[in-house]
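First chain written, first letter: the chains are A, B, C, D, E and F, and each begins at residue 1.
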Amino acid sequence: MRTHDDSAGDDFLSRLRAGGLTLMMGIRCGRTTDVVHIARSTGHHAILVDLEHSTMSTDVAATLCGAADSLSMTPFVRIPEREYGMIGRLLDGGAHGIVAPRIETVDQARLVARACRFAPRGQRSQTAMVPHLGMRPMPAGTLNPALDNAVVVQILLETPAGIANADAIAALDGVDMLAIGANDLTAELGVPGQYDDPRVREAVATAARACRHHGKLLTVGGVGDQASFEALIALGVCPLVLTGMDAALLYQAASATAQRAIAAHQRTSPGHADSEDTS
Amino acid sequence: MRTHDDSAGDDFLSRLRAGGLTLMMGIRCGRTTDVVHIARSTGHHAILVDLEHSTMSTDVAATLCGAADSLSMTPFVRIPEREYGMIGRLLDGGAHGIVAPRIETVDQARLVARACRFAPRGQRSQTAMVPHLGMRPMPAGTLNPALDNAVVVQILLETPAGIANADAIAALDGVDMLAIGANDLTAELGVPGQYDDPRVREAVATAARACRHHGKLLTVGGVGDQASFEALIALGVCPLVLTGMDAALLYQAASATAQRAIAAHQRTSPGHADSEDTS
Amino acid sequence: MRTHDDSAGDDFLSRLRAGGLTLMMGIRCGRTTDVVHIARSTGHHAILVDLEHSTMSTDVAATLCGAADSLSMTPFVRIPEREYGMIGRLLDGGAHGIVAPRIETVDQARLVARACRFAPRGQRSQTAMVPHLGMRPMPAGTLNPALDNAVVVQILLETPAGIANADAIAALDGVDMLAIGANDLTAELGVPGQYDDPRVREAVATAARACRHHGKLLTVGGVGDQASFEALIALGVCPLVLTGMDAALLYQAASATAQRAIAAHQRTSPGHADSEDTS
Amino acid sequence: MRTHDDSAGDDFLSRLRAGGLTLMMGIRCGRTTDVVHIARSTGHHAILVDLEHSTMSTDVAATLCGAADSLSMTPFVRIPEREYGMIGRLLDGGAHGIVAPRIETVDQARLVARACRFAPRGQRSQTAMVPHLGMRPMPAGTLNPALDNAVVVQILLETPAGIANADAIAALDGVDMLAIGANDLTAELGVPGQYDDPRVREAVATAARACRHHGKLLTVGGVGDQASFEALIALGVCPLVLTGMDAALLYQAASATAQRAIAAHQRTSPGHADSEDTS
Amino acid sequence: MRTHDDSAGDDFLSRLRAGGLTLMMGIRCGRTTDVVHIARSTGHHAILVDLEHSTMSTDVAATLCGAADSLSMTPFVRIPEREYGMIGRLLDGGAHGIVAPRIETVDQARLVARACRFAPRGQRSQTAMVPHLGMRPMPAGTLNPALDNAVVVQILLETPAGIANADAIAALDGVDMLAIGANDLTAELGVPGQYDDPRVREAVATAARACRHHGKLLTVGGVGDQASFEALIALGVCPLVLTGMDAALLYQAASATAQRAIAAHQRTSPGHADSEDTS
Amino acid sequence: MRTHDDSAGDDFLSRLRAGGLTLMMGIRCGRTTDVVHIARSTGHHAILVDLEHSTMSTDVAATLCGAADSLSMTPFVRIPEREYGMIGRLLDGGAHGIVAPRIETVDQARLVARACRFAPRGQRSQTAMVPHLGMRPMPAGTLNPALDNAVVVQILLETPAGIANADAIAALDGVDMLAIGANDLTAELGVPGQYDDPRVREAVATAARACRHHGKLLTVGGVGDQASFEALIALGVCPLVLTGMDAALLYQAASATAQRAIAAHQRTSPGHADSEDTS
């Protein structure tokens, strides 16, 4: 446990910079801290609470983040598009990382980055007590640098417009990582799911150059197969792996177990029609 | 049950286009699926979860929508003004229809419409599993057209400015229906509650023309009496009726039952002063 | 508002003893305080939060009770069968009345009654702060009589065995009212719903005698028609009327409104088949 | 969808009696209906909401049951030990099956069985509206037989004392199935986890005889391997398979995915020490 | 209790205008109405539900506001930055006051002010039933003036840019109070926590002039010591005191009590090392 | 952090046996983990989640316990009277300590003790994954001893009957501590709040003898003043101090701060009547 200290952001970025494989599990359908324990016990270093694609409340998101922090994991939250007002609430509630989806312009990225740090680096609203520092009231002079240091800001580029601004976005103070959402990007390019399209590779290369140039990290999400992932690493993408969303993982295991039961039953009771359509 | 298929939006619009009376019940104070069962058993075809005038959480809204969908009803959500970031969350969570209030400009309407469909028609963020398709992971090539087809986008015009842009808004790809909020419109016109004011009729006629022109549907909400409603139908308004919000329906029944009990008691115990002020 | 005083129970019983019609609304599907406001504005004097027939949490039940108390209504909770451990939690949380269902023996009734008052009259566990007294810490010497006075204990007899013990139960210190559940009693007697069966009338008469004998009040629930109710009053039943459960009231209003819309539409569009089966 | 009818219990038992493989998924950490959709889409016929080993609220349990029912699955709830008062609340809220753990005596089993049916077969408290019949108010004469028919009562024997009473328990009206909890039984026998211990087999045989004798079904939970399961089928156990609890399924998938990612990274970055202890 | 009337806003402002000390307690970590009772019983006149620095849901915020209103307190909500869509939901749900943080421009302030009043003064969306008027359906002609009158709008200036626009903002119809957030302002000025910096005093004087000029009230938050506060009163700041946030108050009391216990134990058991580091 | 190991119970008891002052904070009105952080940062070693005197849900109780465990505190839950079925749910959910109120007989105590340990020491139902061991599936042979070791069972004696059975209760395997509830005991003895009554001292002495005899620990709750507490320590009571319930602590701080503000205002504005009655 990082008991109520402030090194979360640094630890996470340092590990990635050193090339250490970093596993992140996405949470979309979980609402209890059980899923956080499962993520940790299975070797994950971070969670991604997905508020963009779920209807989870901010209170539940904060509880999950707090549990992850207490277990020395780094809790990220993907915020809904355009809902920048949620950033401060989540950071005050226990998130250490903010993932901002569908950023296309420098202004959008700056708004996110500035919402995550205190003046003079940004405009995060002053608070005095946060759970990850044990709710101890602390003066701004001590609290602000500690919290600024603990945050990781990830800007998610999912459109050609976003990629085109990668360099200027990577240059922004307060942006720690760029991320490419491969799913949305291939959809925007008209080649949904074709991660090996040359335009995808080019987009990654563009973002990688921007990150190298400004000393930031790049990650790419949504790429399932290992060969593609290794090619990305070669391009300069950092070894951050989103192993899966909780809903998808549960589906996989439930489906596999059900199929095994059906197969076994068919072997022993071949006359039965158990494979009826359940749709 | 439309078990995990994708015809919800089409079914709803087809019924209206064919002139079939379509009943919708509004939910504002309910938080359990009981109210959805009640809506269905009393003959409603759709629910309208009202997040503009209630403090219901998105998680509860999604649960109500999911229940409606499983019962073959079409679940709509009226989103809060300006909170377009909530659209994707609600659609991923189970809403089939989005009602966007107080739209005044084409840009606002386009933002809503594009948030409801995937590229190239819009910018809905890619997902892979949605409850109304049974949480089955599906590739974008299959999932996106299915979901695009299942959504109904209703643009609510409540001001003269909105009416003035009715034609351009109706022309937008992805806008399926225009709606006129009679309450707010009469208030904006300075004639609160006077639904038979000529300017109201003119506004409806303008919107009806726009809809006819672009093959969209028009609905008008907040008009209580039958005569006015029939006049609207004659103008080209489709037969979608919001029978009432749950809170208002409960109030009516509670009041009627209480009044009957008081009246009965006064008949039998005339000396009693039961009609005391309860304020 | 009875701002944080302790007269709730007394007020409620005094009104009934004086023959004042007292209206109670049942809450089963509501989860917000809106339903409490509706109950009050429509003339109700009390609410009955039904934990026997709903899955509502104790926290929500307490919130509804607290809202009712702040609005000068008397909040009752019908506890689940056999769950006597919940009584103390609900009283500490804001309930003023406890309705204990399916009581058959004097021992069961005594357990309930003693759970509702402090020593020496009972075994309610000592607390120091309750919401209906404003969460002010108070010494036991002041707090206990105040709270003992504010509670109303209603013992619900729903079986012949319970009726047979009515006199002994009514004799118990701490039992303020007997209640007969007409629905369950007719079912137990093998004549479900036949409220005018002589055995029902006899049961009521037995309970009424017990109450008169021991200076307690009797109420009968589940009798819908006015004639039957007046006959009960003549037998000595007090004028407490449960106007309806929220779910039933909502159903009535939703159904009536939907039927009106369908009828109107059929008048104007006689060709349409809107009365399709929705089951 | 069994839209608001009453055949759930019958369907479930008939399928098992006909030897049809029936898959059930356990829910312990899920709180949203997503997990119900996943269960259905992966081929499950029933869910088991586990209130004995989770802290899930009754309101959430009812929501999950309601969702399962709407999707034509049979929702079971395992109630906490000794909390028989919860049975009525859950049945009124949408559960179709009750699993009662650690039953040792005929009296305990009778209490459960009678809590699940209306008079004269039991003591279930009269209600008028239930979600699985669409919240339509119905008279007792219609509602009670429908609901009695829709319920499945499973008595869980987990101790030698329970097994010893198997025949008398199976003889009870209202008991539809016996179940043996293999985990707890082996623990009680002092051979935790040794499912092939002769005493386990003997216990199963005893229960199987009791079930055959009285025309009830027998199921055995907690047996993982296929060979053991087939041996049980041969003994007369019905083909009901609990594929897994959601928490265990999620753990399996998360662990497998994480291990794959680590293995792949070690192949490509052999110098990295990614297998650090995460405990 | 102001039972369902509409004088809340007026009462609050009148008291302040008359120089009456007005105590407000902030709620950030509370989720039950207990904290509202505590605020009232300890002499507070208002609560400030802080949605800017907490992850509390809107439903809980509304419940707290409703409880405060029923207890004759004035419930304020500090909304998250930029989330103006939440204003209408909160006002419909029971808030009487809106505190809008980090306002810098007249346009932002106007957007807030207009979201809080109905046409023609603003754009609040028409509703018919609100909890603070007992959920009674009311026509717009009666309801709107009542609600407009009951609302208090507080614009929070926390940056030099905001202060620079103080006069124009104070001039806006619908802005009732200006507020200076001393914490954020000193941070923005580069002197975090130095409330006696001349620039702070100057900013307060500027805002005070603006308020006097336009007949509005000025309050300053985040100033702990009494001397500074008196100096502010002398400058024209109204006597509204935020006594503390619930989390900070709880921390103070928990810390003081723990320290007393440790000190007492050390006196009697001097050999024990109880002061171990708990960080 | 005790990351997912099993020493919680041992650590807690060892500290007390060694005479180490142990601070526990009660939680009754808190619903978020903020209150757990506050407890830890102010030097507490344990929390007592009070389900006897609050309406908190089991899910929230488990979340608070889990947070405490992750922060290396020992989470206790005081269960409601008679609700022994809740014990297993809470232990599976994250509680390490069970406080059972109003125990009067050896049978009651045995039921509690056996519910807290696995066979052969008790009847806790077999599980495979618990949050405090990271949700890792573990075989019974490993898991059961670990969990048995981690639990602390406290039996609360609050009546003369309970005290009379102290020796036999302390003798029970699985009972780790006796506790005397001074508030309820003085009430039962007819001397509410008189902690220095000889009968109280005698009761404590009786329980202390029982504990010494059987190697168990004794704690006494509800005694506020230091002198009385030291006298108890001299009698053999262990140095476990419940510093306060969160609601009481918040009340103290809110009251003190409000009084200071009123006093200051009266000094500077002597003409104002700010001390009006707020009741």
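Here, contacts are C-beta pairs under 8 Å (C-beta built on N, C-alpha and C of every residue); 3 or more make two chains touch, one makes a residue touch a chain.
None of the values given here were measured: they were computed from a predicted structure.
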Joint neighbours of subunit E and subunit D, given as chain labels: A, B, C, F
A-D or A-B, whichever has more C-beta pairs in contact: A-D
Between subunit C and subunit F, centroid-to-centroid distance (C-alpha), Å: 34
Two or more partner chains touched - positions in subunit F: 3-4, 32, 34, 38, 40-41, 57, 59, 62, 83, 134-136, 247, 251, 279
Contact pairs between chains, per stated definition: A-B, A-D, A-E, A-F, B-C, B-D, B-E, C-D, C-E, C-F, D-F, E-F
Partner subunit D, residues of subunit F touching it in the complex: 3-4, 57-59, 61-62, 83-86, 88-90, 92-93, 115, 118-120, 123, 125-129, 134-137, 139-141, 144
Subunit E partner contacts - residues on subunit B that touch it in the complex: 51-57, 60, 80-83, 101-102, 158, 181, 183-184, 186-188, 190, 192-193, 222, 245, 247-248, 251, 279
Residues on subunit B engaged by subunit C in the complex (per definition of touch): 19-21, 23, 25, 28-32, 34-35, 38-44, 226, 229-230, 233, 239, 241, 243-244, 246-247, 249-255, 257-259, 261-262, 264-265, 268-269, 272, 274, 278
Partner subunit A, residues of subunit F touching it in the complex: 1, 3-4, 32-34, 37-38, 40-41, 59, 62-63, 66-67, 70-72, 131, 134-136
